[in-house]
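There are two complexes below, and they share subunit A, which is joined by subunit B in the first and by subunit C in the second.
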Partner chain A sequence: MSILKNLENYLLTEIAAGLGKKTLQPDEDLLELGIIDSLGLMKLISFMEETFAIKILDEDVIPDNFQSLNSMVKLVELQAQN
Partner chain B sequence: MRDYLLHHLLLHSAESYPDNVAVTFKEKSVTYAELNRQSNRLALTLQQSGVGKGDRVGILLPKSIEQIVSLLGILKSGAIYVPIDPAAPVGRINYMIRHCGIECMVTAPDNLNTVLSNLEDKSAINRAIVIGKGCGQLTLGHNKVKCLSLDVEAEGEASEFQSEDLSDSSPAYILHTSGSTGNPKGVAISHLNALTFVEMAADYFKVTAADRFCSHAPLHFDLSVFDIFVAVKCGATIVLLPEMLSTFPVKLAEFIENEKISVWNSVSSVLTMLADKGMLERQSFNSLRLVHFSGDIMPAKYLRVLAKQMSNAAFYNIYGQTEANSSLCYPIGEIPDNDSWRIPVGRPFPNFETFALNEEQQVVSRPGDEGELYVSSSTVALGYWNDREMTREKFVPDPRYPFLDKIVYKTGDLVRIDENGNYLFSGRKDHMIKSRGYRIELEEIEAVLAGHPDIVAAVVIPIADDIVGNRISAFIVPAAGCPLGREDIIRYCAPQLPKYMIPEILEFRESLPKTSTGKVDRKKLSEGIARSG
Partner chain C sequence: MDFSLTEDQITFKKSAIEFAEKVLNKGAKEREKNREFNQDGWDKCADFGVQGLSMPEKYGGLGMDIMTCVVTMEALGYACRDSGLLFAINSHIWTCESPIVKFGSDYQKDKYLPGLCNGTLKGGHAMTEPDSGSDAFSMKCKAEKKGDRYIINGTKMFITNAPIADLLLVFAVTDPKKGFAGVSAFIVEKGFPGFSVGKPLELMGLKTSPIGEVVLQDCEVPEENLLGKEGAGGAIFNSEMEWERSCLFATHVGAMAKDLEDCIRHVNERHQFGKPIGKNQGISHKIAEMHVRLELSRLALYKVAWLKSQGKRAPVESAIAKLFVSESYVANCMEALQIHGAYGYSTEMDFERNLRDSIAGKIYSGTSEIQKNIIATLLGL
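So, the complex of A and B:
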């Protein structure tokens, strides 16, 4: 499964299941939609670290990196190279 | 004469500090003179639309300067404000509107559209004041709702609103907290209740017009009373924190630094996140002089980090409930070099009284003694709106004065006295917990789960957590032949429960363990989680 699909699945089933959405657009603003809030962010970070075997540094926990599925994919790819 | 209604605080600050910035949010701000004028304009509009003394007016707005204008405008009109979180589930919003008999809302176009399209009883809301610019965007097909758009920022003085005769015992606002019956409880707070706390806190914490308060708590949370009204009383500045920033600890730390925040007041979990992931060493926090935390337990290891990095600040553990505002506080001195140190909840504020009764109904006074905490003070709320039975259960005659019906609030919290005479929180008499500072009655979640047609039984168990206080897990027994999944449950809960009450961990079982008396064995379930976790 692609990084994007994997993240989308996790967000839809774990973080935003209450919204009843079936899909998320790669560029949809997840912060604006309230999908990612402080309740969900920490869970999401643990999921990303475990699933993609990466380490997300505190300084990378900023809105730019979690704005949309695309920005999270970019973060994962960048961390995976390091 | 002293201020005896909450909005009098604003009148005084508008006279004494007309040009001080009262509220700032992102790039916008208003002075005290403007805040006074804008809230006058709203009060007049409300009165012209038929709102009168004692009416409940909902505030359905995201965090914004307009929120502050709204609550002051509603108070000036003689009405009672009821904050409604626009992110609350529709079922809960419907309940609050019905239960409080809210007929008029102060709101923004988007929020109004969402609520009206989900309103169960279409005739419940009949008036809406749509505040701010761009009110022409209303696309409502809801003809029964009379919408008035109000540009509070318009130039020129509004004609004077009619000042209502009110006593300080009149209700000022209603805040909702979790209720064990499956619905939230509306705590009705009088002007006197709020002012007793506000006046004391302004004095006790030596607040001045130079202070900059970070308003973190949402309006429906009683911590907002300190941020807003203490600042307004002193002519200080309320810096509204954009909601999204509290999600990102590094950004939150930058915000406190850049905005030169001097007074911080939040639930503990926000500060533990900040200590854990905020990279505090990057900032100086020179302006920060007061840090209040409350709501749940602050682990000593995080407090140590905060105290080191925010070295100009005095730290206070504040204890209270919506029903009696904050009543105890513990000023942090030396932090023991022991991670299992439990920070005391301290002693009552000046002019506040609390006492604890043991099982024999005697007041406890010796170190080591344990009892249930009662609050006796002018802060004790008027009761639960539209719920006499629950009010009688929690607001009880003071057992120390058997010849009087003096009312005290029975908190349900168990406390122990330590060797220095401070109270230590030692548990609850019921199944209420705190998670991320929110009070949660586990029965409320259980009642919602039990309403699912395919659930035979459900029990909700808290799991202690360093950062958030408690995480919520649910054990569910589905009906035979009804395969239920995680998503089914979350989707079912979402329209009824706020996000922070939706169980994070779900386990499906064929049956639940029972005690010898036939009750669900909660202890066994908790131990099971502790072992597997």
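So, the complex of A and C:
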């Protein structure tokens, strides 16, 4: 499964469950839509670190890196290289 | 996991206990009565290295690892009878110094850290507002970029160290559309135009720790005082809280250990109905329960320290530790007071003050209820 699909599935089932969304667009602003809140972000970071075997530094927890599926994919790819 | 202390840590812990007993307790009762901050104690702690414990040596800190910090705070909590001073120092370290080290620019580190480490500067952070406590990110305080500066408007409430602080880490909304991700953090000096502080608030406990209201009215903050990037406020706050929930609460573990020792001595020495009161199961079981709470509190805290020393995240573990230690401290304070009877209730002894001080621990750094929310959410609920 692609990184994007993996993240989308997790967001839809664990973070946005109950919001009634079936899909997420790759560039959809998940912060402005309120899909990710502060506790949801903590869960998401743990999921990303475990699933993709990466380390996300606190300094990288900024809106640019979690705004959309595409921005998260970029972050995962970058951290995986490191 | 290995929680055994090194020889160096044991030695440092002992020296911290000796230091606190010798230097920090004189006049503590009077200061508490007068709600007076212990400036001399602050200075002496800085000389000892407390304010710079975990800070890099480059800035005048001692560069200690987290386990040594926890053990030192435990020692101070054990020996120091001025919880307000320890609370002020911990707020200074974990909510101001520590985020500057982690998120700050070289300019910010060079400008602020040496003074924060040697105690000539006092810091804190300003998050809570009159209408946003547990729901911290629903804050109203706003920061608007105008040219080379930010203009901040808002009111902050229950801000530890505000009346004495030289600088505060102020959290404000820079992008209202993004919710928690639209919050940024700014290093605000007390002399910046538009910054003012109200009178110290009168609280039930922690009376020697100055806590107050902060008003930011068109407060001008140079852009170089933005900490981290715009929108990084949430990450900075969460990072701060993980550290505070481990190191600050180590002082409670130390205080619990001291209370337990005092209680054991008392129940062995105090005779009623022809025998030491500790020979009654009604009392001995209280002592046993106090010991269980103390040991489990210490283990919860050491686990967080161990995880962080491994570079791992500890959001659930730090919430568990904060919740358990703070609730246990209140429970033990209640028992210690009850065991000492009327003497415990008297202001001549420390038990009633400990109880008043302990209750605050269930509220600051996220209430017990918020810790349960964090734990439940991260368990998938």
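One rule holds in what follows: the second predicted complex is superposed on the first by the 82 of 82 C-alpha atoms of A that agree within 3 Å, B and C clash if a C-alpha of one lies under 4 Å from a C-alpha of the other, contacts with A are read in each partner's own complex, and residues count from 1 in each chain.
Everything below uses one rule, namely that a residue touches a chain if its C-beta (ideal position, glycine included) is under 8 Å from a C-beta of that chain, and two chains touch if they have at least 3 such contacts.
Please read all numbers here as calculations on a predicted model, not as lab measurements.
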Of the partners subunit B and subunit C, which touch A:Asp58 in the superposed model: first, second, both, neither? both
Between subunit B (first) and subunit C (second), which, if any, makes contact with A:Glu49: first, second, both or neither? second
When the two structures are overlaid on chain A, which partner does A:Asp27 contact: first (subunit B), second (subunit C), both, or neither? neither
Taking the superposition on A as described, I'd like to know which of subunit B and subunit C A:Leu19 touches: first, second, both or neither. first
Could you let me know whether more residues of subunit A are touched by subunit B or by subunit C? C
So which bits of subunit A does subunit B touch that subunit C touches too? 31, 34, 36-39, 41-43, 58-59, 61-63
Write out the stretch or stretches of subunit C touching subunit A in their complex. 102-103, 137, 175, 177-182, 228-232, 234-236, 238-239, 311, 313, 315, 373-374, 377-378, 380
For the complex, give me every residue of subunit A touching subunit B. 13, 17-20, 31, 34, 36-39, 41-43, 58-59, 61-63
Help me check something: in the complex, which residues belonging to subunit A touch subunit C? 14, 31-32, 34, 36-43, 45-46, 49, 55, 58-59, 61-64, 66-67
What does subunit B use to touch subunit A in their complex? 87, 89, 243-244, 246-251, 270, 273, 277-279, 436, 467, 486-487, 490-491, 493-495, 499-500, 502, 504
